[in-house]
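Let me begin by presenting the structure, written as structure tokens, before commenting on it.
Letters A, B and C mark the chains as written, and numbering starts fresh at 1 in each.
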Amino acid sequence: MTVDYLIDLIPFATDFPGLVFIAVIIACAVPIFMFIAVYALVAIYAELKVSSFMQDKVGPMGQGVGLHAGKWGLLQPVADALKLILKEDIIPSTADRKLFIMAPFIVFIGAFITMAALPFSPTIIVADMNIGIFYILAVSSLGIIGLILAGWSSNNKWSLYGAMRSAAQIVSYEIPAAMSIIGVIMLTSTLSMQGIIEHQSGFVWGILPNWIIFQNPFTFLSFFIFFMSGVAECNRTPFDIPEAESELVAGAFTEYSGMRYAFFFLSEYANMFVVSGVAVTAFLGGWQSPIPGLMDSSGWGLFWFMSKSLFLIFVMMWFRWTWPRLRVDQLMSVCWKGFIPIAFFNIFGIGLWKLIIG
Amino acid sequence: MKEIGSIRAEEMVLNIGPQHPSTHGVLRLKVKTDGEIVSEVIPIIGYLHRCFEKHAENITYEQVIPFTDRCDYIASMNNNFGFVVAMEELMDIKVPERVEYIRVIMAELNRIASHLLALGVYGLDIGAFTPFLHMFRDRERILDIFELTCGARLLYNYMWVGGVSHDLPRNFETICIDFLDYFEPNIPEFNQLLTTNKIFIERTADVGVMPAEVAISYGVSGPNLRGSGVKWDVRKDEPYSVYDKFDFEIPVGTGDHGTLGDCWDRYWVRMLEMQESCNIIRQALKAIPDNGDVHAMVPKKIRPPKGSIYRRTESPRGDLGYYIISDGSPTPFRLKMRSPALTSLSVLDEISAGWMISDVIAILGSLDIVLGEIDR
Amino acid sequence: MTADQEKFIADVVEKALAGDMDAINSIEDRSVRAKAKASLVKAKRAAKAQQKSDAPAESDSPNQQETAETQSPLSILLNSTYPDEIIEVLDEGKTIQLHPKQWNEIATFLRDHPEALLDQMECLTGVDLGTEDALQVRYNLHSMKHRHKIEIRINTNRDKPEIPSVETIWRMTDWFEREAYDMYGIVFTNHRDLRRLLCPEDWEGWPLRKDYEEPETYHGIMVPKVKEGWE
């Protein structure tokens, strides 16, 4: 919607359609990129502090700007970012140069373009397509190719192991995620992101907001299946075997340093945000306020969307610092023998519910 | 190499190199795998070999004690204890009661500290980051107690032949009881966080089963042997010092979750042992005689009679034995330290064949090795 | 030391020998207390020597049965089954010196015989006895069931040291024999994989032997000398 809106604004758009289109796209992409960068800094800081408090530490602390890590360690992520930028760029001599350089970009692109369809508020959405959620599910798989390229081109047994495990994991967990979304689509009869959110306005069961998670018990279960599959897709604990530090050093990214590593890092956090964003849109009402009627003008939409997404990201961090990790074959059996049958069961249940009751 | 039709599958040799994040020390494991399944694990050690036994032949018996500290640096008190008990049996010295009780208290405190480290690092290997830090927080308090007593946090040189180096400080009993009152309620918290966690159980139960006969044949001892169901503890079966005066249980693995002798059982035995050590310390603090000179029986010059002795004691890792051959001079003729971790590491190949690489890490963590002791 | 002091110390030592340590501990002057303790140690040693010199008088009697009775049941068992292999029985049967030739059979016998059941090898120590013809290996064995112990010693010569390996019988000896090989050069025949354990694979020399000379350099790195003597 924002792209269309901007195109409408420019008076002489019809004279140079191609040029204007490209200019508008860049004008919309840059804020998203800025958003990812800033959000990544905030997320890194949050991870450090959340983990520290859970582990009975205080984490990075400082006395003020320029002293140590800034007051309460606020400059720590800035220091991290600077460090990664200033590091030497090492490409192993036996690595496949072209693939090695290409891999981080593909992974980042896969995470970046999904942000185009996230509905931040009723009026802020870069591309309001009527196949929004389908587009996100399709395009988020692009990252796997980058991961495999990274593992293969490093010419390192450990990276290969990590990449293979990671690819198997992400591909497998896409299935329960997609199946949970199918349940949502059955209820809302539309693939467009804004359409799904608009379906969730009003009340259900009297006092609860009409979010899909509350509409029937099968969608309640679907939310958890989707969220856990999303955690697995981001390679977060308990599914972080591809980057298990105690076994594989850094998994597929062992040979990367400096800015290239920063790109992988950035795309992992971007992925987390996308997964949370889709979960919020599909199940938790998107930019709708939890109490319909209270603070629900379109200006507040951005606030609700961001707070719900950030809460889900906090829950992901909570998981990471509490649970140990699953072994690869246990991970796979949880997906294929656990999540997928439950997801099937959910689709069936949602259909029946809608037929009989709704 | 296998031939399947016209495709060849080769075994891959993977190197879990001397530097790796599982903090057991500098150990190199050559792992032969077929995909993810491991067929053979060959440990290569010697990176931390500091020629302790050769060195001991050139220094006096008193000067050996700081070197024994540095072998198993996590349980230094128990290392000292083993050496001193062997020497006192060789020289037929009877130490005062107060010294015996002090030694027992220190050894048991160090046992708790060592188990805390072992269990915390094991959680880290499995992927749980938080219990590691909680356990280290408690371990810090024990190290503070040690610093209060003898000035050192990790390598103490505390137990001398015939006595100990410093007497207990004035308020030791209060501090110790405070610590125990703070620590014992934490053990159920650790259990809630890690021991009964479903993911942890799935990673460790049924993995790396060590049958009792294999364990005895390989000379495995300590919590590793007790995890396989064998009730053997040197403190009860060949008692030394004043251990026969205390009333404590020997926890044995029972195969609660999964098979008897798996990684979970070894982990669980260590958890229970920490509880038992707390009991022993409480009893010792009540029974300790109030006064007595800790340097009373320390000989001016150690010249043991000619002869040899092998004496073992219970260190947190198992049977720590010292074989001392004396020729009547102030320096040992031959001093051999029989380290329990060496036997634990040698059994790794036997029990990890057929498991996956992640399991090898899990099994190695459950065996609780310290490379300083293996390499000496 | 004045005569008074000497008498005082003698009194105090007598009291201590009778079991009362307080007399010595309560001496205020440090040097006097130290002297008292030293005399106590000397007195104790003298008493023990006295005891020991009494004991051989008993066992000197040529009564074979008496000496057999003071031996442990394990050594009697071994004596009855493999009398030729035993060179010497020391320390009331707790230590037995054997010939290396049939060590393997004896080891199997010791592990499996129902009266012995020595299933746990406590420790395997290599010793360099210093004399011309002696590298020795000492095995400490223990039975989990019967709770008895025995120590077996096997000598071998310095030029071509060979001892049959028992690593298939007690698996613990696998690595301990490798260590003995590494440190002393004792070759354990029929060992499945005898290579150095602690030193690097291409190290030269047998470190724990008494006549060991450190090499000057190892791959270009200077080898530090072990400090001689204690100061």
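Criterion: a residue touches a chain if its C-beta (ideal position, glycine included) is under 8 Å from a C-beta of that chain, and two chains touch if they have at least 3 such contacts.
The structure presented is a predicted model; accordingly, all values stated were derived computationally and were not measured.
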Draw the chains as points, connect those that touch, then say whether the picture is a line, ring, star, complete or other. line
Hey, which chain ends up farthest from subunit B, C-alpha centres compared? A
Closest chain to the protein's overall Cα mean, using per-chain Cα means, please. B
Report, in whole Å, the distance between the mean C-alpha point of subunit B and the mean C-alpha point of subunit C. 24
Mean-CA-position distance for subunit B and subunit A (Å): 45
Let me have the rounded angstrom distance from the C-alpha centre of subunit A over to the C-alpha centre of subunit C, please. 67
Can you pull out the residues of subunit B that are in contact with at least two other chains? none
Partner subunit C, residues of subunit B touching it in the complex: 45-46, 49, 51, 53-55, 58-60, 63, 92, 96, 214, 216-219, 230, 232, 237, 292-293, 296, 299-300, 305, 308, 310, 312, 319, 321, 323, 325, 330-331, 334, 336, 338, 342-343, 346-347, 350, 375-376
Which subunit B residues qualify as touching subunit A in the complex? 12, 14, 20-22, 36, 123-130, 133-134, 137, 193-194, 197, 199-200, 202-203, 356-359, 361
So in the complex, which bits of subunit A are touching subunit B? 51, 54-57, 157-158, 161, 237-238, 240-241, 244-247, 249, 320-330
In the complex formed with subunit B, which residues of subunit C make contact? 21, 24-25, 34, 37-38, 41, 44-45, 48, 119-123, 125, 127-128, 138, 140, 144, 147, 151, 170-172, 174-176, 183, 196-200, 207-208, 226-230
